[in-house]
Every structure is written in C-alpha cells, then in structure tokens.
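Both of the next two complexes hold subunit A, though its partner changes from subunit B to subunit C.
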Partner chain A sequence: MGAAPASRDVTSYGMGLAVPLALFFLVFFVAPLLQLLWLSLHNDTAGLHWGIGQYLHFLTDPFSLSVLGSTLLLGAEVTAVCLVLGFPIAWLYQRVGPRLQTVIILIVLLPLLTSVVVRTFAWIVILGRQGIINATLQSLGMIDTPLKLLYTQFGVVIALAQVQMPLMTLPLITALGRIDPNLDDASCSLGAGSWRTFWRIVLPLSLPGVIAGCTLTYAAAITAFITQSLIGGGQMLFMPMYLYQQASTLQNWPFASAISIIFLLAVLAVVSVFTTLGRLSRGYGGA
Partner chain B sequence: MNLNRRSLLTTALTLGAMKAFPGLSYAQARPLVFATFTGSWEEAHKAVLVPAFRKANADAQIVLDPMLSVDQIAKVNAAKANPPIDVMLHDPGPALLAIGQDLVEPYPVEKSAYYKDLIAEAQEPTGPAPFFQVVGLTYNPEAVKTPPTSWADLWKPEFKGRVGITNLNSTLGTGWLVEIAKMRGGSEANVDPGFKALEELKPNLAAVAANPGALATLFQQGQIDISPGNFNAIQILKARGVPVEFVAPKEGAIAFKTTIHIVKNSPNRELAFKLIEAALTPEVQTTLMNPPYLIVPTNSKVTMGGEIARVLAKDTAELKKKFVFQDWKKINEQRSAWIERFNREIKL
Partner chain C sequence: MADSPSGRSLVVDAVTHRYPSGALAVENINLDIKGGEIIALLGPSGCGKTTLLRIIAGFIAQTQGRIIIGDDIVDALPPNRRAVGIVFQNYALFPHLSISENVAYGLAARGIDKAERQREAQRLLDLVQLPSMGERLPRQLSGGQQQRVALARALAIKPSILLLDEPFAALDKNLRLDMQIEVKRLQRVSGITTLIVTHDQEEALSMADRVAVLSHGRLEQFGTPSDVYDRPQTLFVNTFVGSSNRMPGTVVSSDRTAAKVRLDAGAEIIARPAAGALADGGRVTVCIRPEHLQFVSDDTGFAGVVGMSLPLGATVVHEVKTADGSGVKVSQARIGETHALENGAAVRVAPLAPALANAFPATL
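Let's turn to the complex of A and B:
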C-alpha cells in the first residue's frame, strides 16, 4: 500500500457511488412497475375492484397463452439463427489480421448505427412481392409466382435476426478473445482434430459469451415491437402488439398491465435459465 | 457564499429538477397546447390553422404537440385537474371514449360564429367536426385496369392474393368491417356477416397491415393492388409518384368525423375556443381543401373544388348522398369483442 494514505483501503468500495443510478431506477423504474402491478390487480377498467380476474382471464384463455407461447418461440428461433450465423464471424475475427478485424467490427456495428425503423423498412423492400429476393429468383427462372415472404413467421425471424445480430456477435467476440490461443495448439499437438478441439476446447470456454449473447438477443427479439408489427403484419400477434392493443386501442389498462406482468415473469424465467446455464458453464470453463 | 458540498448538491438537484419538470417554473401561464395528429395533419395545421389563429388572436402563443388520439386521452387522464393539453383532436371512436371519461368541455355553441354553418353531421355539442376523413377503395391503376366500383369487388377471384386490409386497431379497419357487415345484411350492432365475409376474403388477402400507414406503403412495394384506404393518405402517396387511385364505392364512402374538443379544466379555455373557431372558418377550411392538403371541409359555406369535387362530392348535398356516417356509440360497445375475434379468426 506504500504511498496511499494509510487509513484508506483502496480495495474497498463505497456503495454511495451507486446511489444516483439507484435513485433514478427507484423513481423511474421500480415505482412505475409497482403501479403497474397495482393496476393489474383490479377486475374493472376503472381500477376500483380488487381481484386477480385479469390474470385468470389470461391464464385460462388458450388464445392468450398461444400468443405468449408464439412470442417465446419467436425469441428462441431468432436467438438460434443469431448464434449459428454469429459464432463463425466472431471466431473468424479472432483469427484474421488487424485490417480485416476492423472491417469485421465495422460490419458488425453498422446495423447499430442506423435506426431500427429504417432497417425494418429495408427488410420490407427486400422481402416484398417485388422485392430483391423475389425479383432475383424470378429473373433466374427459379420461381414463376413471387414467394410470400413478408408477413410470415420466416420473414419476422430473418429480419429480427439481422436487426439483433450485433447483440450476439459482440459478446461472442469478447469471449473468444479471452481464450488463450495456445490451448488450440496444445489440443492439436495432443492429437485432437479441428472439430474435436472446437467442441471440447473452444465452445466450452466461449460459453459465457454465448450465454450473454443469447440473453441479450432473446430479450431484444421478443420485445421488438416495430419489427414484429411491420414485418409480421396485423394478423400475426405477439405479446408487445397484444399489450399495445389492449392498452391503447381498447384502453383496458388493468388487462394490459396483467399481460405485461405475465410477460415480464415469462422473460425473467427464460433469462434465469440462461444465467443458471452461465453459472454451470463457469464451473465447466474453469475446470 | 458558502460553497460546501451540500449547497452545491442542492443547487444541482434544483437545476436538474427544473430541467426535468419545466412545468415547475411556469405552471401559471403556459401557451395553448393543441394535440393534433402526426404526419400530414401536423404539417397542414402548422402551415394553415396556426397562422390563421395567431393572426386573429394578437399572436397568441400556441404549441402543437402531435400524438395519436389514444395517447391524448392517456395524457389528459393522467392529469385531469391540470391537463397538459388544451385542445384534443379525435377520431369518432376515441372521441366517445374521451367524452365517456368526462375529459371534454361542452363546446360553447351559442358563442360560436361558425357552428351553425357546419353541415348537420359535423355539429356536435361536445366538440364540432372541422374535417371529415373519407375511406373508399384504393387501387393500383397499373395492375387493376377496370376501376373497382363496389366493396364487393375485393372478393373477385382476379384479386387472389392481391388485397390488403388493416386489423381492427385502426378506425379504418373497424369502420370498414362494419360497412362490409352492412353490405351483407348486418349493422353496427351485428358484424357477424362481416366476419363471415372476411373468412371468404382470405384467399384474396395478401396482407393484414398493423396500421393504415403500413397498409399504404404496401402499394409502394407492389405487395397489394387493392385495399380499403383513406383518401388523404392516398393523396400523399400519389403526390410522391406512387401509382394509386381512390374511388368512392357505390355503397357510399365511409366518412369519419374528426372532432376537435376543449379539454376539461384547461387553463386556456378561451384561447382553445378561439382555435377551434379558426378551424371552422370557411377560409381555413378552403385553404386546407386545396392541394397539397385535400382535407374534406365541413363548413357548408365552402365551395368544393379540385380533387375533392372530382372524386368525392361537388357540394354539400352530394356529399350527404355519397357519404356514409356510422354509429360509433354502437360500434364502441362491442369493439373490444370484435378485436378479440379478429385476433383469433384472421390467421393467414
């Protein structure tokens, strides 16, 4: 501790530093959340009669449950696509020269520099009936009538995967960067092939990044109101749109609050599965 | 002055609070706040209505705060005693909601110089209608060679996979469904025939857009060739060079009253009244009827001209004949059930 004043231990930290942000969260996040919970526990739209009717309504209604299910499934699909497409990019990043690294990072970050609305409209142009994909396939003579891509689950997954890709790639790049490259060489020199090295060494060690990326992508994909409604259209209902419909068009705030609380809990459950996996993987990676 | 940490912090917090809540510092005299709609409405009101109002009222301060009807209601509801908005603009559905929740002041009809000149349908004591919105058939003239004449044309086999509609979140979607129901023997109280008709429309449906704005862009993409559409939205697309045409179906074009209201407990009641008066004048309505705005007037002293006279109505008498007004009180009673049913049944 040599030069430091003797009375002060530099390894200690004051919780006081977190107070401004904590206060901000308390006023602008926790308080509204409690208000939301309070509102959701009312059976009438005026908010006069207490009860759990809104929750019962949601949880006993197969339609509402199917909306929740399809939203959670959508998140899983987008996350899977992002992982499968993002991992090779992140892996490549660690193995190319600095010039190519700059190019890769620029390509990864570029989507973040334009607004989600603009990116989503670009996807409408790409997926449309006379869009780039259909025009190309038609000029190649591979299809006679245009494929229906816009307003389909496939379209939503592809568009969301592109929009949310940086959230997956960036944690992966960081995680892969932390792996000692000597481990690869060691594995190879001990007789393991490339695939075995990948499955036994690289993948387990990158798991923290995989899990962080999955959590971020998943949370962003299921709540992406703009992309879901513009690419999915008015007949494909996901939780954010369902919520908006009840709150805004129908002014049924208690039901909308109940929907958001249920959605929040469902997302928390999924995220906690991810973090549990993360904790397990940390043990694994450290072994 | 004693510059210690505590006094610095207090000052910083106060400054921060004033920045975060500007209302603190001038709670007493704020300018008139008019919540118009976003997009072309805002442009039209900024360019025509606001200057006319300021000229007539010694340059009174006014702020346009564009937002959706439902957001206006939410904002006023959140602060009923001291509302942040003085004048609201509403589609028929939300207007009834706002009136039902006791958020609007009755319009001082006896004081008004222009109220009596409005055509009967626009005279609403809770807040008059300065404009109409009109919904008819929209089509791409490059793909649809013979112009459609009836709502029933949407069901023609030649439009397989070419028709677009919106869901019931929008006034357009709901109003259109009611009209379809009426065409098949239903009414505002019974839209069953409308849902049956929708079922039959499914093979033709290329898109169910989330809102009218998204529907309009689908013409640009060639995703759809024909759809129910809003007259004003189509004029904007047309002006940008998109091949679209509007036609009033023979069953009658659906007319929505866009009503304007003084907010209850507004601190600027007098100015709010003056703004609404300005919106009812033949001068403002005539300017707004001309290009590029093409907003349908409600003051019977306005002589119809241009595109509106060509496509919609030459005068008030013809307008009354060709427009269909719907009973939104009835519609609102069951709208949430319809939205639920639409959610469940319309899957492509």
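Let's turn to the complex of A and C:
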C-alpha cells in the first residue's frame, strides 16, 4: 500500500480541525458518561460499596422491566404510525408541482419551528376531556360521555407521532427523490399496476430512507421526556420519567445511573438492528 | 390493416396535444405505420417527438386525435394495458433486481409462473447475446450490455409496438454502431413494429424504413430516408437533415418539376421546386448541399473567395464568400493534395448537375 509520494495522505491533515469538537465531547459527553458508569457500579446511595447490585435489582424487578418494555413498545408504535402516515406524504411530495412541494415541506417542517412544550400543550387542548375532539364528537351526538384520550397510550402515541413526524418524512422524501422516475414508467409499461410497482420497485428502493427515518423516530420517541410525561400523565411511566424520579425525587443516584446505562444499551441495540438492516439494504437500493 | 406475424400496425390519427399552460406540444400529427416497419421520429430537442412517444405509450393523454394499434383504438387504455414495450434513454433498469428478474418483470406482472418466467428470461438473454449475465445486478454491466437487457425486458412482454427513446445517445460512437446493428437485427427477427425517437439524423437515416421529421410540434415530412434526404418537402427538412447551403434568389421561370432561379450570388441555376410550381419573379431560398457544389474553371456558376478550408478526412470543406456577402460551403472529395486551395483565392462555384438544388418559397 505504498502511497504515491505526490499525493498527501488525506488522513494526516485536517485532523487538527477536529480537536476543539473532540475536546468538547471529551469534557461534556465522555466524562459524564464515565461518571455515570462509575456511579452505577455502587450498591448503596452513599457510594461506599462497589458492585453490580443496581443492575441486578433492575433486571430482577418486574416493575422496572415492565417500564423498559413499555418504553420500547411505545417507540415501536410511534415509529409505525410515523411510517404509515409519513410515507404517503413523502410519496406525494415527489409527484406534485414545485408550489405544492413548498407547501408540503412547510407543513412537514412546521412542527420543528415550534417548541416541543407548546406543541405538547396543544395536544392536551385537543385530547382533553373538554378538548376539541370530545367537544366535536359530543356536539355531533356521536358520543354521550367524553372519551378518555389524554393520559392514555393512544394519546401519547398520537402526540409523539406528530412531534417526531419530520424525522421520518425528511429521510423518506430524500430517498424517494433518488429513485429514477422512469422506473415507475418502465414498470407500468411492462404491465405492472400501481400496487405491484409500489411493492416491487418503490418500497425496496426507498428502504435506506425508511430505515434512517425509523432509527431517528424511534430514538427520539423513546427519549421524549416532555411529551411522554405531559400527555401520559401520572398513570403512564416510561424510562425517561422513571429515571428522573429515581434521580431527582428519590436521590437514588446509583440506581438512576444503572437505569441510564441499561436504557442506553437498549436503545443502542435497537438502533444497531436498524443500521444492520440499512447496511443490508444498501446493496439493494443504493445504486 | 397489414399486420406482419407479430408486428401490428400503428396509426397516429390527427393527434394534437396541448400542455395545461395552453402551449402546443404536438399539432395534428398523422402517421400511418405498417406492421413490422422501423420508423424514426427525428427532430431537434423540444420538437415534440418525446411527447408523441409518451402519447403512444399512454403516459400522456392527448388533447385530440386517436392512437390505433392494429385494429384497436387504445386511447382509453392505461400504459400497463397497451402492450407497448419501451426502452428508455437511461434504460431504467430496476437497480435492485438481477438481470433475469429485470427481464422477467413484465412476465411476473402477467401472472406467468416462475419456471416459465425463468425459461423465457433465459431465452431473451440468449437472444440479446448475454446468456450468462442473469445473476448480475444492472450496475455490474456496461452501458451497451444494460441496453441489451433493456431491450430484452421490453421484448419479453411480446409487445405489439416497440418504442425506443433516444436509445443510443448514451453510448460512445463505436458501441453505438454495434447496438444499431443489433437493434436492427432483433427487429428483423421479431418483426415488431418499432419507433425510434432520435435527434441524430444519421441514426434515423441508417436504421429506419421511413423517417418522420418533426419541428415545433408539426410533422414536416414522413417518407423514406432517400425521400427525406433527396426530396425534402420543406426548408426545415432540407437544412436539418444533412448539411445545406441556403442561398437567396429570384424565380426566372418555373413549372412543377424544375425552376430556373437567379441567385443573388450571381448565377442562374436549375432547382427542384419542393412544393409545386413557383411564381415567376417570386423570392425563393435555394438549398444546395456542399457535396453538390464544385469548383469550375469556366465562367459558369458564381464567383467567390475561398476562406477557411477544413480537411475532414475523406472530404475537404471549403468556405467560400460570395459576391452578395453570404457564405457557402463546398465539399470536395480528397484526392491527394491536389485540392488544396489558398486562403483568399478567387474561384467560381457551380452545381454538379441541374436539379440537385431545392427551391422553397422565401418566408418573409
């Protein structure tokens, strides 16, 4: 692998430019993470006894495991809703004129331009007992008593799906935009109907975008502390809130640290499943 | 209807298409194509040839007129029901499917079972001389090979009409000739009525049985390559197909087959009136191809001064400035160095023979 003397090794220069960011990460990300790991390896709140007791406690406690399970399930539900609702928007975007494209992109991006807190309170207004949905259904005479929408899994999924939608739609728009429009015509001229074209051509070729969108949406949905706690209320407990309670209310820092590490590993596991799928699909659609 | 075994006739009947903006894409196009013919749609970019192709394929619904394939009016049929095979300019192979899956795609859409599909795909890959490429992905093939696959894929559905959209534009020159021969061979074998959209006149003239020349959405001429080249009906066809000198002049006398024209450059020549007899004294544009002009040593023809001389291999093209200030190109066969002409030399130029020139009424 003798490099030609004329060409400089591209990896040898430019690294210096990354030093400030590297330092920043070292001080504000790696160091706290190590501290977290260090804390989690103590069996008592005073931090006097080393051990993996906190981890054993979490992994043998049915309540903790159910919180982890419901959080991971919540992420899956939100991701599924975003995919099912986001794909048609992205598909539409590639098939309308430039004016409508601007409108669609604005609608997609709009949630990002308002604060999560504001958007979440808007959902409380919409989903509440006296909220827009219940008031409308009641005035139409379709229901007698208000539906319970707020503080339910359904409400949390819907609100999170709206909040995280851009993370799904934007990668999908990019992926669909990379597909040669002639492929649609080619498929059609070969006798395929719209559904066959979608399943055999459009969907497989958009897989890289689907996987990117799912990864982002999933990671964002399960860690969305504000929306989860405000829409879920006291009855629904997810990992971020569980963590917060242990750390701030109960001052049980070692256990909170262990929860963090376990949660982190769980998220990493799911994300790496997605990226593995992405790598498999790249040979497939990334041509 | 004269249908050859597998090639069906295609009639484009008074087709007009208007864009939503109101602009005309194609206007009153009439083509009567016999089963098994190769037709070239020739024209500069933006002339409406691709729009016409997409209308025939069913991707665009024309504003007026009918498309008739065989005995069927197909206007109401969507593209996937027309049995029209298309080879796209960029081939549009499905990048995630193997070569044989690409070829078999249309068969799968027709519900043909897997074993039969694979047999048929292999037969077509043999036909386009890529028998062992079935397992590869499109990006592992060269441009010429991808085009063969695109052809095989289009032929797999046994189309009644085969449409080729600028099929050779992306290939380099040597490969292009091979592929043109290949397409012509496949067309002869299958007998499929074929329509080639192209802006390349050599391609149109060499491949097609008949050529339809389009300009600004109108059909300028529809005839055999020699009709189009030797007997152009319009000034556009004369100047677009092959190269041509345009010389202004005045009609001295004319009947239906010959017109005597006084060129502004200073000579009287006999030209073929392209659209019937011309009015005496009327202004005309005379088109003479560079290869139909020669240098003469007597005082016939018109005078000029040699400007640039370009040796183009087999021929040398001389640019000659005429007395009225316009320039003409004169092409000479290259025989040794005998035809070298000095820049600035005074010469006389005359047509090789009468009636090689075409006269068109001058447009104001």
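As a convention for this text, the second predicted complex is superposed on the first by the 270 of 287 C-alpha atoms of A that agree within 3 Å, B and C clash if a C-alpha of one lies under 4 Å from a C-alpha of the other, contacts with A are read in each partner's own complex, and residues count from 1 in each chain.
Please note the rule applied: a contact is a pair of C-beta atoms (placed from the backbone, for glycine too) under 8 Å apart; a residue touches a chain by one contact, two chains touch by 3 or more.
Bear in mind that the values here come from a model prediction, so they are computed numbers and not experimental data.
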Looking at the superposed three-chain arrangement on subunit A, would you call subunit B and subunit C a clash or a fit?
fit
Angle at the Cα centre of subunit A spanned by the Cα centres of subunit C and subunit B: state it in steps of 10 degrees.
150
Touching A:Leu17 in the superposition: subunit B (first), subunit C (second), both, neither?
neither
For the three-chain arrangement built by superposition, which of subunit B and subunit C touches the greater number of subunit A residues?
B
Taking the superposition on A as described, I'd like to know which of subunit B and subunit C A:Ser187 touches: first, second, both or neither.
second
Touched partner set for A:Leu140, first subunit B, second subunit C, both or neither:
neither
Tell me which partner A:Arg196 touches in the superposition: subunit B (first), subunit C (second), both or neither.
second
State whether A:Leu48 touches subunit B only (first), subunit C only (second), both chains, or neither.
neither
If we overlay the two complexes on their shared chain A, which of subunit B and subunit C does A:Leu250 touch? Say first, second, both or neither.
first
For subunit B relative to subunit C post-fit, closest CA-CA distance rounded to the angstrom comes to 48
Subunit B-facing residues of subunit A, complex
63, 121, 124-125, 128-131, 148, 150-151, 229-230, 232-235, 237, 241-242, 245, 248-252
Can you name the residues of subunit B that touch subunit A in the complex?
68, 70-71, 73-74, 97, 161, 165-169, 173, 206-211, 214, 217, 221-223, 335-336, 339-340, 343-344, 346-348
Listed in rising order, the residues of subunit A that touch subunit C in the complex are 180, 182-183, 185-193, 196, 200-201, 204-205, 284-285, 287
Under the definition above, what is the set of subunit C residues touching subunit A in their complex?
57-59, 78-86, 88, 90, 92-97, 105-106, 109-110, 137-139, 153-154, 156-157
